[in-house]
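Same chain, two partners: subunit A is paired with subunit B first, then with subunit C.
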Partner chain A sequence: MNLRFIIAMASKEFRHILRDGQTLTIILSLPVIMMFLFGYALKSEIDNARIVLIDPNPSPASERLAEALDASRLFSLVGVVPGGNPQELLVEYRASAILQVEPGYANNLQDPPVQIGAWFDGSDPATATTLRNSLPAFLRKHLSAITGNKTPELVSVNVRFLFNPEQKSALFFVPGLMASILAMICALLTSVTVTKEKESGTLANLRISRLHSKEIIIGKLLPYFVIGSVTGIFILAIGRIAFNVPINGSVGFLATATAIYIVTNLAIGLLISTVVEKQQHAMLGALGITMMPTIMLSGFVFPIASLPKILQYLSEIVPATWYLKIVRGVILKAAESSTLSTPILVLSGMGFVLLILASRRFAKEK
Partner chain B sequence: MLRRLLAMIRKEFLQIRRDKQSTMMLFVLPILQTMILGYAMTRDVRNISMGILDLDRSPASSSLSERLIQNDRFVNQGHFQSMEEMRQALLAGTIILGVVIPREFALQIEGATPDAVTMESESPANITLLVDGQDAASAGTAAGYAGAIIGQWSLETLRHELLAQGMDMASLSPLDLRDRILNNPELEYSWFMVPGMLIILVTMTGALLTSFSLVRERENGTLEQLLVTPVNPIQILLGKALPYWILSQVTFFLSLGIVGWWYNIPFGRTDFLGLYIGIAFYALTSVSLGILVSTIVSSQQQALFLIWFFLIFFILTSGFMLPFESMPNWMQNLTEFNAVRHFLYMVRALILRGAPPHTLLPEYLKLVVIALILFTTSVIMFRRKAS
Partner chain C sequence: MSLTFSIQTKGLTKSFGPFTAVDAIDVEVGKGEIYGFLGANGAGKTTAMRMLCGLLQPSSGTGTVAGFDILRETSKIRTRIGYMSQKFALYPDLTVKENLSLVADLYAIPRALVKERIAEAAERSGIQDLLPRRTGELPWGWQQRLSMACATAHHPEILFLDEPTGSVDPLSRRVFWDLIRAEAERGTTIFVTTHYMDEAEYCHRACFLVDGKIADIGTPHELKTRHQVSTLQEVFLTVAQLARRS
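Take a look at the complex of A and B:
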């Protein structure tokens, strides 16, 4: 291997990247926009669910219930109607739930229990589950406050959230975005570089040059490794400055893991580019292989333990799963390197195998 | 005029048919992914690894632990001996929920049971739940389930104690709630998620393929050749747009059929004409996006990045994975321009809620306006570029 050749190859590739300002702008602005979206506009908790109250006989007491519903963070009262079919009301008011009080609600308050009917729109299961779990406690509290009639409690439950006591969502999305954005960008970019040379016929030029296939690979991957690292640092820096996400654990360990993760995804991109002939296919393949699995199977959006068994096994071959464990461990738990030895070993193994596979195939092609 | 247009369309279809690898990447792969990953898309929390620290070791505390262990949402990882041991397990991630039952739990329960005569009681026993809060939403759900089971246990114990004193529980409870779930009684998450996945698929077909095919002709120089033929720019544009417009609609219904059958989505109440009008205009939107992008980029790679960038933004703010109502008002207003949001709402309402199309008039209007504006803009941009 000749270092001069590698540097020449890398600087040629760098020039390609810099000349395409549009792509570079998109790559660097994507993490910024995603972080601000998640930071200021998107939440996974349910708020302001639309609810309609069927009140056949309005009274001061039922109006107080309506006010309490509207005032709560969870609900937003969008209508009070004297009657109607719940199914039709759901559609008409675009509501998530319908609540119905009896005509004699005010009188029943003096003589409990009070009967209340509730219909939830199951077409959105997440909202339906949350509302169904929280409505009984909400109503019981409201009724107790009004009637002064309280169910005695034997046990009170006190919940403490560890590692994220204030329930800041930034602590959840910063690691997730690290894993998914790095995977998409790295795999996508490398998958194109080789296929582009194939399409324009310049791969044949490289083939007859004195460059060894290892030198070509390292030279080609180096610039994208730099872009990946810059993106990673970018995400962590925005997290630190704008959303106050600290790195509690070892920065060196996180940097090592990130470097391995970037190489793994570069290898995936390279492998794809050796299999297909056209840029278009390479890009679609890279997106298809990285985007959905890193978002859905890594534990970023959907908890792994809740997945069906087969998908749990499948999630173990997704590099992002292991990387996410490391990032969350270091950022949130200040976990020591020893507790994260399994994830980092698995990740390194994956990166190594993929890199060998990709360079073998590339050498054969050359 | 029409003959030239038809010739253009035929040429495009021939090219599509010849490109087998693209068909694989754009139809087979996404449909297969939807069929597998649909099962992953659940915000419900199951198999919660739990540990119990019972400091009381009384009949009452073991009855409560037994109740938690027996619930199939939890996977018990054993009884812990000390707080320190439990913290270590939480740190290592072997459990994500720790239940701490305090010393003198049984005594406190006894004290909290109201006296049959005076109805007076002492403060309740306090149970602490330690939850791994890395994923705020699922941590909250897990704690909610544990809280509900503990509450249920507490209620039953109370009823039992009161019965022993000869009292009826019903007189103490102020609420009799009767709830039902409509539209999706089994709360299948896949039914909710699949429409969004299909919309991503259709957008990919419409926008990506259209812009790829235009940019490729420009890269190869064949677009200039076309421009000097008697075919005028509008015919070229329509010849490019129509095949992908039709293809998007076919893709939508085909994949809806396959994936819907796979997940047993009920189509009994769906108004298919309403659905067809929706997809016709949505497909026009995505094809127009493809044309528009093709006029501002210079390579296929740029086209992909730009469309991918738009798509991620549109999908995230559409209510696909994260609840729409939880977004702040300024963001909700901004998404009025987001065609994915309107079409997604429409598809979910038509299929899952069996909504009649006339109730979705605002969505139809907004979608039509967005589609026409985008299409007009893309035609103007294309003509300017062509001349």
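Take a look at the complex of A and C:
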């Protein structure tokens, strides 16, 4: 293995990528567009979202707040309690949000800021995000109206998201998009870029040079590994910033699993390129083999349990199925790392086998 | 194994299923010779060349290129040959200089020599003023010169040219052949396939391939005398009559 060869290949490949503005734009904007499409398109228009008010010291002022909440078409006040654990209250009242005013709420109105605590049910990210945006505005408007105080310092809303790991729908789209966008970028780009060199005849030049096929593969795929990794970080960052999806579990474990998943998809892309001769075929092949199963069969859109038996078996050979288990497990911390050992072993096995298979075919093909 | 020959094959054969593309050919190419491999499309020229370059495993037969076995020592062969395919096979989005630097890396030209070699290869092909240009925006003839510079930057012993003049105008072809002859004068063995018989006249020796078999071989003069014609075009038409494939 000669480092100079690999660096030469990789830097050439980076140049191709950087000089192809259109493709680069698509690669970079795809995660953003998909994230916001899924994040907001799935957002139901909130209508009578169930809210519980914790009011430790009922006063005329806090009762007016309760009335205002109930009167709004957006919210529905399903309970006023003197205290309690917000997480338990969410479950007990099947509420989307818990609001808590301080015991001195009435006095604070004269002496702002008014502190209000808000807990949202993060397992329904669409509603939670909308509520997070609309509740503070609603509170500010209400308080301004009754006090006549228009300063922004009037109210300070302390927002927190609560997760209910028992809910299977929890935060489904960030892990799902992570799996499908990575599959798409890695497998598709790899298969297309290798097939392109086949079409143009430059691959024959590379094979005839002093490079071993391993060096061609590593140099060629390295840039796409980097792109995949950056995209993964990008998706998680958008998830964190725009949709409040924190990584509760081990970041190291998630990074390792993601690296394995990326390599698996690079191998799939390489394998496709050893079968087809034309870029269009590579593209269709990559979409068919990675995107479709990742969206349909991995449990991203349809729960696996709801699939027909035969598709359930089929879902087991989709790498994304196992990767999705890991991402959901780590992000929601619904699972300890030890319970994720099966998915990561299966994923590693798949990646290893595919990589060997693809490299062998690539080396043989001349 | 004789070292007086750059290329030597015995019974070299390549079959694809029932189809025998190259049928037991014996070839001997001397050092510094311009050896033309002539034939109609589908006669097996490219297949034979790909076997010699180590791009294709022969079905049977043996051979040596630059003194190394084409079955077992392909990696050693690859360091000693240059190859230019019939398609333009450089990267259009890279500059002329970047394409040359890539080749320098891929053939492990010592780092200290890279700059000098690139300049020298560019100079020989007359593209020294085009180094910063994007390859894709150059006219075909200049791209072809760059291909030549890339194929020879590492000073190969043998240069394989697979229909290098594709579909160019006669003037560009002529200019390109000047480059080929200059390369041969430096001692490089040239193995070139073509179906242009005017080009064949430039070869030291020509080998006519018909249906994967060698139909005739000799210097242009010998061939014309033997067939009692005045041009290689006529020689080609005579031997090609035997063809059943095309």
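One rule holds in what follows: the second predicted complex is superposed on the first by the 236 of 366 C-alpha atoms of A that agree within 3 Å, B and C clash if a C-alpha of one lies under 4 Å from a C-alpha of the other, contacts with A are read in each partner's own complex, and residues count from 1 in each chain.
Heads up, the rule we're going with is that a contact is a pair of C-beta atoms (placed from the backbone, for glycine too) under 8 Å apart; a residue touches a chain by one contact, two chains touch by 3 or more.
Quick caveat: nothing in here was measured; it's all calculated off a predicted structure.
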Query raised in the report: Which of the two partners, first being subunit B and second being subunit C, lies in contact with A:F5: first, second, both, or neither?
Result: second
Requested in this report: Could you figure out whether subunit B or subunit C reaches more residues of subunit A?
Outcome: B
Requested in this report: Mind working out whether A:I262 is in touch with subunit B, subunit C, both or neither, as first, second, both or neither?
Outcome: neither
Report task. Scan A:V192 for contacts with subunit B and subunit C and give back first, second, both or neither. Result -> first
Query raised in the report: Now for A:R207: first (subunit B), second (subunit C), both, or neither, which partner does it touch?
Result: second
Query raised in the report: Taking the superposition as given, does A:R15 touch the first partner, subunit B, the second, subunit C, both, or neither?
Result: second
Query raised in the report: Touch check for A:I33: first (subunit B), second (subunit C), both, or neither?
Result: first
Query - Overlap of the subunit B and subunit C footprints on subunit A, listed as residue numbers - result: 20
Report summary line: In their shared complex, subunit A is touched by residues of subunit C numbered 50, 53-57, 75, 78-79, 81, 83, 85-91, 93-94, 98, 102-103, 105-108
Query raised in the report: What residues on subunit B touch subunit A, complex-wise?
Result: 21-22, 25-26, 29-30, 33, 36-37, 39-49, 64, 75, 90-93, 96, 109, 112-114, 121, 123-141, 143-144, 146-148, 150-151, 153-155, 157-158, 170-189, 191-192, 208, 212, 216, 297-302, 304-306, 308-309, 312-313, 316-317, 321-323, 325-328, 331, 348-349, 352-356, 359
Query raised in the report: Which residues, counting only subunit A, touch subunit B once they are in their complex?
Result: 20, 22-23, 26-27, 30, 33-34, 37, 40-50, 76, 86-87, 90-92, 96, 112-129, 132-136, 139-140, 143-144, 147, 149-165, 167-169, 171-172, 188, 192, 196, 276-281, 283-285, 287-288, 292-293, 296-297, 299, 301-303, 305-308, 311, 314, 325, 328-329, 332-333, 335, 339
Report summary line: subunit A residues touching subunit C in their complex are 2, 4-5, 7-8, 12, 15-16, 19-20, 200-202, 204-212, 366
